[in-house]
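Take a look at these structures.
First chain A sits with chain B, and in the next complex the same chain sits with chain C.
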Partner chain A sequence: MEERRIGVYVCNCGTNIAKMVDCEAVAREAEQLPGVVAARSYKYMCSNPGQEMIQQDIRDLKLDRVVVAACSPRMHELTFRGALQGAGLNPYFLEMANIREQCSWVHEDARAATSKAAALTRAAVKRVVFHEPLEKRYVDMCPATLVIGGGVAGITAALELAGADQPVYLVEREDHLGGNVARVDLTAPYLDSARDILAERIARVRENSNIRVLLESEVQQVTGFVGNFTATIRTGRDGEVATTEARIGSVIVCTGYQPFDAARVQSYGYGWFPNVVTSFDFERMLRSGRIVTDKGAPPRYVAIVHCIGSRSQEFHPYCSRVCCMTALKYAHEAKSALPEAYVYDLYIDMHAFGKGCEDFYRRSAEIKTIFLMYRKGSAPEIRQAGPKYDCEMLIRVNDQLSGEEVDIPADLVVLMVGMESREDAGKVARMVNISQDKDGWFIESHPKLDPVATTTDGVFIAGACQAPKDITDSVAQARAAAARILGKIARGRIEVDAVFAEVDEERCSGCRMCNELCPYVAIEYDETKKRSHVISALCKACGTCVASCPSGAIKARHFTDQQIFAQIEGVL
Partner chain B sequence: MAERKLQVALYWGAACGGCDVAVLDTNEFILDVAAAADIRLWPIAVDGKYQDVEAMDDAELDVTLFNGAVRNSENEHVAKLLRRKSKIMVAFGTCAHLGGIPGLANQFSREEIMERAYLNNPSLEVGNRTLPQTQTDCAAGQLEIPRFYARVYRLADVVEVDYTVPGCPPHPSQVKAVLTAVVTGTLPPRGAVVGASERAVCDDCPRKKEEKRVARFYRPWQIIQDPERCLLEQGILCAGSVTRSGCGVRCPNSNMPCRGCYGPLPNVRDQGAKFISAVSSIVDSKDPEEIDRILAGVPDIMGYAYRFGLPGSLLQRSL
Partner chain C sequence: MAILANPRLVGELEHYGAGDVVKCYHCGNCSAACPFSKEPFIFPRKSMRYLQMGLEDKLRGNLEPWLCYYCGECSEQCPREAEPGEVMMSMRRWLTAQYDFTGISKLFYKSWKAELSAIVAVALLTGLGFWWWGATHGDIRHYDGPQAFLASSFVHAFDWIMGGVLLALLLTNCARMWWFSMGRSRINVPLTEYVRRAWLLPVHFLTQKRYRECEKKRPWAVHLALMLSYVTMLVLIMFFLHAFQEGPEISWPHHSLGYLATIGLIGASVYALRGRIRRSETHYKHSHETDWIFLILLLYVAVTGIVQHALHRFGAGHAANILYLAHMMGVVPMLVLEVPFSKWAHLAYRPLAMYFSELQGAAILAREKSAAPAVRARAA
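And now, the complex of A and B:
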């Protein structure tokens, strides 16, 4: 093989790497390796001067391969690929050695860490020798979008896309749009009417010719890949069923949440005491304008209990985020409808973190809501009140504010049920190939930096299907997802990574071992040729099929056996 | 050809004798061989002593068909001797090629093997404590037997091999093919695996292959199989997908699963690892306990996956 000209760049990352690894020593050792013509250490390789140093060497020393020993490639691989490209080198002639996350950050013995950094760098040098030039590819972008779920997130996303003159399929399972917001009376903290928020937007959806609304419909199947999906949508219930095939380029999943079933918590007697109701039952009363007990009388004592099914080891460990402010909203609405009633609010911690929420909390106290604080794990107990009481039920609370165990009267108890992922969220996840976390919520690509994308290109998530959130955040996410899609549509075509798996048909024996394994459904079997092949645009280069192929007929570009064995040899 | 007959040796290392029987199974052809060639050494059928071989000139033999693995010092000594005396050295059969069934012993130490074979075995005389020794002094003088190695080697681990004929045993037609090629001078490039395909057994197997999802594994006698359908899909542990073809799909065509005797595909380093990954890939469950239950239906995964290839596998640090 022809001699390579390799440059090795060891980053100090300020003191992040340098405090544990002798970067200069790593560079000196790398300098001795075959093919290495320059090895330097520097403060910040990712900085402009750092990148320029690499580019200068590429030009002056005629480098044809580059190793950067620095942070995780997830952090800066693209940065350095860009630097190579800028100097006229194929970007895939880069290899990174992770001497930060996998070395300096996790070790305490500087000598051992330095020798490990040197070994990782040596492995990268051995590997980069076998790197092949790869070219990026492009596929066309279909401008239509499938929005699954017609709640506030779905409606918002659809309007945003249609407003930019792009076609949208808005699919809703129920016979009306609006989702969970349509079940709500006023909204916290400004007490605007949910109906007003929705009605105007639903009307705009109806009027917009770019949006095709499919009610009583469910998406059956989504096939294809980013920019080029086909969705099968089934409309209608038993008997009259119609099927729509939609060519789409993107998917936004806005399937929302389902309320926690209060009957699962036995100590509250939901389903047993007729006047213990859930927040959604209470919304129904508010929307009808009549707050009454089952006997039709207005309650004298209203008690609102927080965290039903939330923040509990037994049910859901997470906070459902919207219930605290919704509870305060109930206090306001109850007080305004029944000025003579006593309103008790039983909480664990008052989460009032949103804009305007702390003010709202203060105003709730001003209208004489009586707050009691109970401890996590010591839930209030509801029992029937005897004939000597002027109320129907008594709630025993171990109140943390007064430090006393008290019985408070109640004619109507409102249980603030938390949000949970929908029962059939798993089905949706499998259909569009996204993941769920331990609580069933869909997982975003990055919790901070990429909150609406998923690991499947072209599939986005917005609203409460990702995690409990309020209308404000759902709308923000829906618009963010729409903006991401409009960005892709504006470019007209989609860049597909040059790293993907390919089947060597000369070696494939058509055993079909790989067919079901691909998590991205990127492998097709050709019945006539009796060979499998990878749809490269769908492939994420995870390597599953490569490892499984009994014939060694599948090669992952940029992760060839030769490259990996060379790398292993380097660390040994 | 007329002036000088072909000079041939056949030898067995650690082997069962099946490869030699395969040579005899060429029937009348063996008589043609005998007519066209001098068989200089063939312990199973022809009288010949090591001293006779030692007395030969180097490269005096045209071809040696070496079957069996290298288990002891005698196997290695004769392999090296025949290599020196032969123009062409053929690793004949799976044991010489990959280590074969004897290679499964590499799961155990020499001490464990001795213990099992000579000290703790139901077929031994009760109380036996006799272990074979390399050297034994007795009235007649000092007796010497070959040294039992700590592990089994492939032929290619001890001598340079020119050609490989895979199979446990190779089909008699393969024997004819190799000898005919030597006689007619139509040998493939050195290093070739003779008579093997570049693709897996599945490529030649006529059974219908669909998507593989297995909820229970069976040994062949535990299930009435569908003779049209891929055996692996029926839960029968068939190694066809991880094995080079060229055998004529004899086992699956006889309703028996491929055992893997032709060895790994040309691009593959470790056939057993591929087999394990194939089996684990098709388990039809995502529930850890159920997966354990399904995999418990595979009684001896080492025996299945590395039936023939343990000495040459990555597990043995062979590359």
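And now, the complex of A and C:
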């Protein structure tokens, strides 16, 4: 093996690493390793002077391999790869040793931490010797996008993409666009009409020749990989069914949510008491302009109960986010439609986090909504009122703010049903290969920094299919997803990471074991050759197939057996 | 047993000035800011909650509004401008109306027109009655002596009759107050405790020492001056009227006290009126109609009283008698309408509330203490 010229750079990370690890000692020890021609420690390796120091050494000392002992590669691997590339070195000649998250942050004994940091650095040095020059590859980007779901998020995403002159397939299961927002009267907190918000956007969708709207349609299948998907869309119910094949480059999933079924909470008597209705039943009354009890009379007492199905151990532990402000909206609408009525609002905590929401809460109090705070797990109980009362029902509430148990009169009870993931969300997830959390919501790539991408390149999520969300946030996400896609379209091609698995066709026996195991559905089976092969654009280099292949025919680039054994040897 | 809430209560209290209570979201800043709020009477938040929820009976038996002297600290700290101080004030007005069994108080608080009409009617009746008596029994040109227009013996007798009736009304209301807050409550206070702590009543009445605990001292001083002047004047008139009305020699012990009280009454009422007009302090920011009527009547009575006295002493008997009539036309409506039915009644209710609350507090603490070992035993 030819002699390597390796540079080792130990980062202090301010005091993050240096307070527990003797960085200078780690560098001194690394200096002794075979092939190492320079080992330095520095305050901030990721800073410009730090990177320049590495580049200077690459040029002056003719380094051909670099080890950076610093933070997690998730943090700065791309930074240092860039530094290598800037100095004319293949970026994959870098190896990072994580001596922060896996060392200084988690240990309390400085000596032991230093010796562990030295071991990790040694492992990196041993491994980097076997690094191979890898080249990035590119695939074409088809500019068309498939938007699944014609609610407010889907409509917005479609308009955004079509506005940039890119073709869109907008697929909606129902016979009309609008989704759940189309079932709503006014919106919180500014009391704008949902109909106004939607009607204008739907008209624009209809007029836009870039958008192909497919109503009463469902996506049957999505195959391919980022920039090069093929979707099969089925239109029509029973009898007449048409199938559309669409070549698309990206997918935005905007399948939204379904309302919680109030009948599941028996203590509220939904379905039993005729005047206990859900928020969507109440929206229907509001939209028709007729708020009445089953007797046809306007209610004198309206009670709104929060958190039906939400924030409960029995049903959904999460908060559905929109119900609090929707409840306040009902208080406003009920008061304006029935000025003589008394409106009660029974809540657990008032979540008024959005812009304008705290002010809306305040105004709801000013119009004399009577707020009662009940305890999580001690739900209000509804019962029929006797003839001596002037109301239909009585609700027993254990008010937390007074410690008193009270009966309040009610003619109409509105249950604020929470949001839940759609029953068939799992089917969609499997179709586009994205994951769901324990509550069925689709999982984003990173909750803070990458909220609309998923672990599958080219597949984005927007709106309430990701988690309960109001119109504002759904629209923001839809536009964000569209912007992500337009960025890819603008570049015209997609960079594919050089790190992926490859099947050696000579050694593959065609057993197809790997096909089933690949979590990213990145392995295809070629029927004519009787061999499996990896679609590199889909592969995330997890290594599952490599480990499972009985013939040892699969090799993971940048994670070769040789590299890993060298690393193990180094750490021991 | 759950209590049936009355959603109309908030609307009802709005007439008494508690409109802002709906803004409260129970952060508790007010109770934290209040220098009086101590276990077991943590206020004003909880009283505000009873009101918001429509727990009418709880509120009716609640003494906490009377424990508040309205220094305004709570209203200044309130993040939602729910005006807890003013809400407590409004609850005192409402409680006054609740204690009054005749319903007149409620009428006055809800309609200033009704109160003003009643004042005018009583004033006219008083004027006519005294005019008739004076004209048939004396001479308008004589203020004192055997031909006096309004002889002190007659006015004295009138005062005592009126005083008796008003005291009976006020005592009935006080008894109702006791029933709501103590009598029907489940907290049992033995009679001996009532006797043992009875000294609290005159102490709170005469010193208003709790008011002094507020951070701002001036409102306490003004309030005390006004109250002491009022009481001095009441005592002087009820017992020593002849010393003022008869001449020509001046009885200085009585007169010096009278002048002091007059200065106190005029000074304090002008101070309060000016404060309310300028909204200079938190407790002057909101004025109910009854506040204006009370202060204007007070000032009117004090001014006409001193002017008729001066005219008499300067020998203008005719003019003094006319002013005396005008004075009586203010005094009688003020006493008849304010003592049992309106703001004046707090002179009795507030010290009573202090006294009752001390008894109640001691009983609650005693009960907790006796319950504590049982709790501990259960925990073990």
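We adopt the following convention: the second predicted complex is superposed on the first by the 572 of 572 C-alpha atoms of A that agree within 3 Å, B and C clash if a C-alpha of one lies under 4 Å from a C-alpha of the other, contacts with A are read in each partner's own complex, and residues count from 1 in each chain.
Quick note on the criterion: a contact is a pair of C-beta atoms (placed from the backbone, for glycine too) under 8 Å apart; a residue touches a chain by one contact, two chains touch by 3 or more.
In this text the structure is predicted, and so the values were computed from the model without any measurement.
Trainee: Clash or fit: what happens to chain B and chain C when chain A is overlaid?
Mentor: Chain B and chain C fit side by side in the superposed model.
Trainee: Using C-alpha centres only, what angle sits at chain A with arms pointing to chain B and chain C? Round to the nearest 10 degrees.
Mentor: 140
Trainee: Who touches more of chain A, chain B or chain C?
Mentor: Here the partner covering more residues of chain A is C.
Trainee: Would you check which partner chain A:F360 touches, where first means chain B only, second means chain C only, and both and neither mean what they say?
Mentor: After superposing on A, A:F360 lies clear of both chain B and chain C.
Trainee: Identify the partner contact of A:S509: answer first if only chain B is touched, second if only chain C is, both if each is, neither if none is.
Mentor: First partner only.
Trainee: Which holds for A:F500: it touches chain B only (first), chain C only (second), both, or neither?
Mentor: Touch status of A:F500: no partner.
Trainee: Figure out whether A:W441 sits in contact with chain B (first) or chain C (second), or with both, or with neither.
Mentor: A:W441: touches no partner chain.
Trainee: Name the contact category of A:L372: first (chain B only), second (chain C only), both, or neither.
Mentor: It touches chain C, and chain B stays clear.
Trainee: Check whether A:A553 is in contact with chain B, with chain C, with both or with neither, and answer first, second, both or neither.
Mentor: first
Trainee: Just chain B (first), just chain C (second), both, or neither: which does A:Y42 touch?
Mentor: A:Y42: touches no partner chain.
Trainee: Using only C-alpha atoms, work out how near chain B sits to chain C after the chain A superposition, in angstrom.
Mentor: Nearest C-alpha atoms of the two chains are 42 Å apart.
Trainee: What is the shared patch of chain A, the residues that chain B and chain C both contact?
Mentor: none
Trainee: List the residues on chain B that touch chain A in their complex, please.
Mentor: 198-203, 209-213, 240-242, 245, 264-269, 274-275, 277-278, 281-282, 319
Trainee: Taking the complex as given, what residues does chain A use to touch chain B?
Mentor: Against chain B, the touching part of chain A is residues 506-513, 515-517, 530, 547-548, 550-553, 561, 565.
Trainee: For chain A, which residues are in contact with chain C within the complex?
Mentor: Answer in residue numbers: 301, 342, 344, 350, 361-362, 365-373, 394, 396, 399, 401-402, 404-409.
Trainee: Spell out the residues on chain C that touch chain A in their complex, using ranges where they run on.
Mentor: 1-5, 7-8, 10-11, 22-26, 46, 49-50, 52-55, 58, 80
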